[in-house]
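Structures for review follow.
Each of the two complexes below includes subunit A, the first together with subunit B, the second together with subunit C.
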Partner chain A sequence: MRQVWRVGLDLLLEAIRRRWFLALFAFVTLALVLVGQALQVQVVDGAIAGSTLFGEVLFDDIFLADRVLGPVYLATAYLGFFVGIPVLAVACCDFAPELMAPGRIEHLLSLPVARWQVVAGTYLGVVTLAAATTLYASAGLTVLLGLKTGLWNGRLVLASMVGWVGFCALYAPMLAAAIVVRSAALSAATGFVTLVFGVMSSVREQIIPSLEPGLGRFVFRWAVMPFPRLGTLARASAHLASGQTVPADHLGRLVGGALIFSAALLALSAYQFERKDF
Partner chain B sequence: MDSAVVVENLSKTWRPPLGPPQPALSGLTLTIPRGAAFGLIGPNGAGKTTFIKLLLAVARPTGGTVEVLGGDPEDTRIRARVGYLPERMHLPAALSGGDFLRSVAALKRLRPSEAALRVSMERVGLGTTKQRIATYSKGMRQRLGLAAALLGGPDLLVLDEPTDGIDPVGRVELRELLVAERRRGTTLLVNSHLLAETERVCDRIGILDRGRLRLEGTLEEVRRSSTHWVARFAEGAPADRLREAGFVATGDGWAFTGPLGGPDAEALNAALDRARAAGARLVELAPSSRDLEQVLSETLERPL
Partner chain C sequence: MARARRRWLWLVVAAVLLALGAALMLSADPPPPAPIAVVAVPRKITPVEQARNNRRRSWVPTPSPDAGPAPRAPPRPRDPLMAALPSEVKRGAVVVEANAIRNSELGDLLVDCLFAGEENRLPELRDAGLDPLTQVDRLAVADDTLIITGDFSKTRLDEFAGPFAARTDYGPKAELLEPLPKDGRTPPWIGVWDRQMLVFARDAEGLKVVLDRLDGSGPSRPAVLSEDQAWGEIYGVIEGKMLANVLKKDERLRDVIRATASRVELHADVSHDVGLSAEVVGEDPAKTEQLRRALGSALSLARLELQAKGKTDQAQVLEAARVRSAEGGARFKVEAGLPYEFLERVLKQCSEDGRALAARRRADRAGAPDAQ
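On to the complex of A and B.
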């Protein structure tokens, strides 16, 4: 297991040294600072009496802070899931192909590290990086809104971690694709397709009746079935963020499904990598 | 004798997803004794890099067996004792030289101090550990790869085109470094296109061509694997009688080729007896010794 961590840590070190990731963190920081500066909130006895963003009045009625923040957290969670995750996927799509570059992979495999450890370490490094980015952004926004409104809770951080599970499910097929064909573009495209199929998997019962009975319906049902219900996971994440109740068993099934999907793809990746000649 | 590498009947056929299978090695049998400096030479596409990849389990053989340092190269404990410098090493450009060495050391389960890392880099002629690899020249990258291969004092050092991109001064330094490693007891396996370099460093040579080992032995054996001996006779030796005895005039004496095409002692002595009986006085007899370029050219039966 130590070798897995070492491969992962090397990947993290490389990510830290890459300007791209410095730029990503700088962008998140800048966005937080900008929102912090632009958002003016008047809080009176735990209620928000008015709010402006970039000088524009958002509302001037009195609302409970929790009622205002709920929709903000909800929108942020959806944004994080459907914009943040694809951005992260694009940012991480070349790690595995880069690791498998001719002249680099031969050297790595000549070291005392097993092939499955290379695969697991790469996955671990990327999902850790994604977790760090997600936590940084969600915790930053929580602190910012907490300072502005005086309302402190960890719902957005919790929701972002649920969203991160979605990224884990997205990156597993990306890694598998990169092992089969060493291409960052194909890896990113696989992530995109997984997201689309994951959303369709969430609404498959609604889509299926609209399809003609027969082969099309059969193919659709079986094509989306293996994918984790990413759309439902996004909704659960957003509901958690906004303070709505999400039944634990429902959340458990969604997270469990995404993790099982990731584990299965990771096992497939390790199998492919084990058999591959370089 | 204890062996560092033993391969038997080794074969490898690459199977690209598109296109026909490409045989790279076929029926290769070879033993490299421990402590030897083995030079693998041959033309492009001979299978040299494939052979090295099979030794390190980077690729898997189609047939045959590979044993490295007495074990299976798939075993990470065996690979921990091997240092490898690949051909055209691709280094992570975002890291510094020190970062890269630290990373390789960690994967080799070593914990070198900062001072030890600096010494490793200085040993290959690199000054600072902090410089980013992106700013390295080709030669500097090669030196860093070599420093990584030498980490932990490997028992077997596999170098694929080690002098690629290194200037002449650097080559001399590299040679000294390899000599020092040999003195330490390291087995060297060097694949290089630079035959003069190979000749200076290695004491055993293998010539690979089209996936087959065409010639293998000590440097002396290989250089003398000639089909003739060169004899020099005192002034006044009767040229016509020497020719009758089987000698052929060459630039530096009289060459004798045995009836089987090799340095056959019986045939040589019979020819010398005939020459002496005709009044020729032998002053020098030596097997023809050629440089590796000639050996390679003759072995491949085509000009280089």
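On to the complex of A and C.
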């Protein structure tokens, strides 16, 4: 396991060397500063009296802060899931192809590291990077809104971690694709396809009636079945953020299923990586 | 060798994990909606229906030819109801096998729904010598004429629909009953034929035309419905323009139907579920194909709308509906089915609503004298 962490750490150091971290964190910070500057909220004893965003009046009545922040958190969680994750996927899509660049891969394989450890380490490095970015963004927004409204809660951070599980499930097929064909573009495309199939698997029972009964319906049902329920996961994340109840058992199964799917794709990547001649 | 074995192990692990993950996520999914029951859609006459049609034939006189030297066709037994139907209709002609429906699995629920709000109606009819649950065989509506077949030998028509202004014999087997105006309106004229058929028409002329056909004295033209088309528990033909008038909501579809469909032949099986088959006949193949597509889209949109509104059971009913092309595009079939469970729910709700209405009426009647 130590070797896996070493490979992962190596990837993180590589990211720092490439100022990748700097760029991503600067981008997140800029977004937070922009929202922080634009959002003007008057706090009156736990209630919010009026708020403007980018000069536009959002509401001018007096509401309980929690009631106002629920929808804000909900929208943020959805935005984070369906915009943040694809952006992060594109940002991370060249790590695996870079790892297998001629010269570097030979050097890596000459070290006392098993091939599967290289795969697992790369995955671990990227998802750690994603966790750090997600935490920074969600914690930053929580602090920002806390300072503005006087209301503090960690729901957005918790929801962002559910979103991060979604990214983990997205990056595993991306890594597998990058091992098959050393292409960052194909890896990113695989991420998008996984996201689409993940959403379709969440709403497959609603989609199925629009397909003619027979082979097409049968193939669709079984093709989307193994994909993580990313649509349901996004909804669970948004509900968590907005303070709605999400049954722990349901959430556990969704998160567990997504992580097992990631592990399965990692095993597939390991199989492919073992077969490759470098 | 060991490396190759380890390689295959990864593949096995991947497959096992994929299956495990899918099973875990499947357990987190909401329970799937109950599968739609397969509803039998009537497609052709069954041997039982053929035997039923044969039993109904009796020696109804054959009408004489309109004109010309053609020899009179040899008399043959005919179904009196079919003989009573006109050769052309403006809106449509539909026959309901009331007795068959009454004795189907839906019969009790239907009767309960029909009479729950009119608790005195059934005893009143029985007092007049007409038990609609046992004595009525078929109902037929052809434009403005209503025909009821059954056993009316003990029915006291004065109590049932009277009193009448006049009762006169008409032909060898029929009687004409002229209604008395009631509340400024003239109720329909009633004709009784052979104590087995009641005919309700808007005026005396309309009634006599029907009775003439039964006595063989009317013009010799084939009826709008033949015995070959008498299958299912509800069957008939509807003119395209009439169908277009029914669709008030969808103006575009209404215009397409008006311009395209000349008539629709429908058959409904009500033996357990309700299976409906409607054959739409057009004149222009291209326009008929356009109508077929428009109907298919309308069904899909309606289903999506119901699904979006959360009315999943109604959406499921529409899911079973099909628009099928047939014979060179000049005609096509629409098939739909209402599962028994769905109808049971709807009819039980109808009965409950009827009983609630009757209870309100009773309460109003009881409260009326106090108020005064």
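Definition applied: the second predicted complex is superposed on the first by the 275 of 278 C-alpha atoms of A that agree within 3 Å, B and C clash if a C-alpha of one lies under 4 Å from a C-alpha of the other, contacts with A are read in each partner's own complex, and residues count from 1 in each chain.
Everything that follows uses one rule, which is that contacts are C-beta pairs under 8 Å (C-beta built on N, C-alpha and C of every residue); 3 or more make two chains touch, one makes a residue touch a chain.
All of these numbers come straight from a predicted model, not from anything done at the bench.
Superimposing the complexes on subunit A yields a three-chain arrangement in which subunit B and subunit C fit side by side. In the superposition on chain A, A:232 makes contact with subunit C only, not with subunit B. In the superposition on chain A, A:209 makes contact with subunit C only, while subunit B stays out of contact range. Using the contact criterion defined above for the overlaid structures, shared-chain residue A:116 touches subunit C, although it does not reach subunit B. Residue contacts after overlaying the shared chain place A:271 against subunit C, while subunit B stays out of touching range.
Legend: residue contacts after superposition of the two complexes on their common chain; A:257 is shown touching subunit C, with no touch to subunit B. After the chain A superposition, the centres of subunit B and subunit C are separated by 130° when viewed from the C-alpha centre of subunit A, nearest 10.
Shared-chain residue A:102: touches subunit B; no touch with subunit C. The gap separating subunit B from subunit C in the superposed three-chain model is 9 Å, by closest C-alpha atoms. Residues of subunit A that touch subunit C in their complex: 116, 201, 205-206, 209-210, 225-226, 228-229, 232, 250, 253-254, 256-261, 263-265, 267-268, 270-271, 274-275.
Contacts from subunit A toward subunit B in the complex involve residues 3, 6-7, 9-10, 13-14, 17-19, 98, 101-114, 277-278. Within the complex formed with subunit A, the subunit B residues making contact are 14, 53, 56-60, 76-77, 79-80, 82, 84, 86-92, 94-96, 99, 103-104, 106-109, 132, 145, 148, 158. Chain contact summary for the complex, subunit C toward subunit A: residues 3, 6-8, 10-11, 13-22, 24-30, 32-33, 300, 303-304, 307, 315-316, 319.
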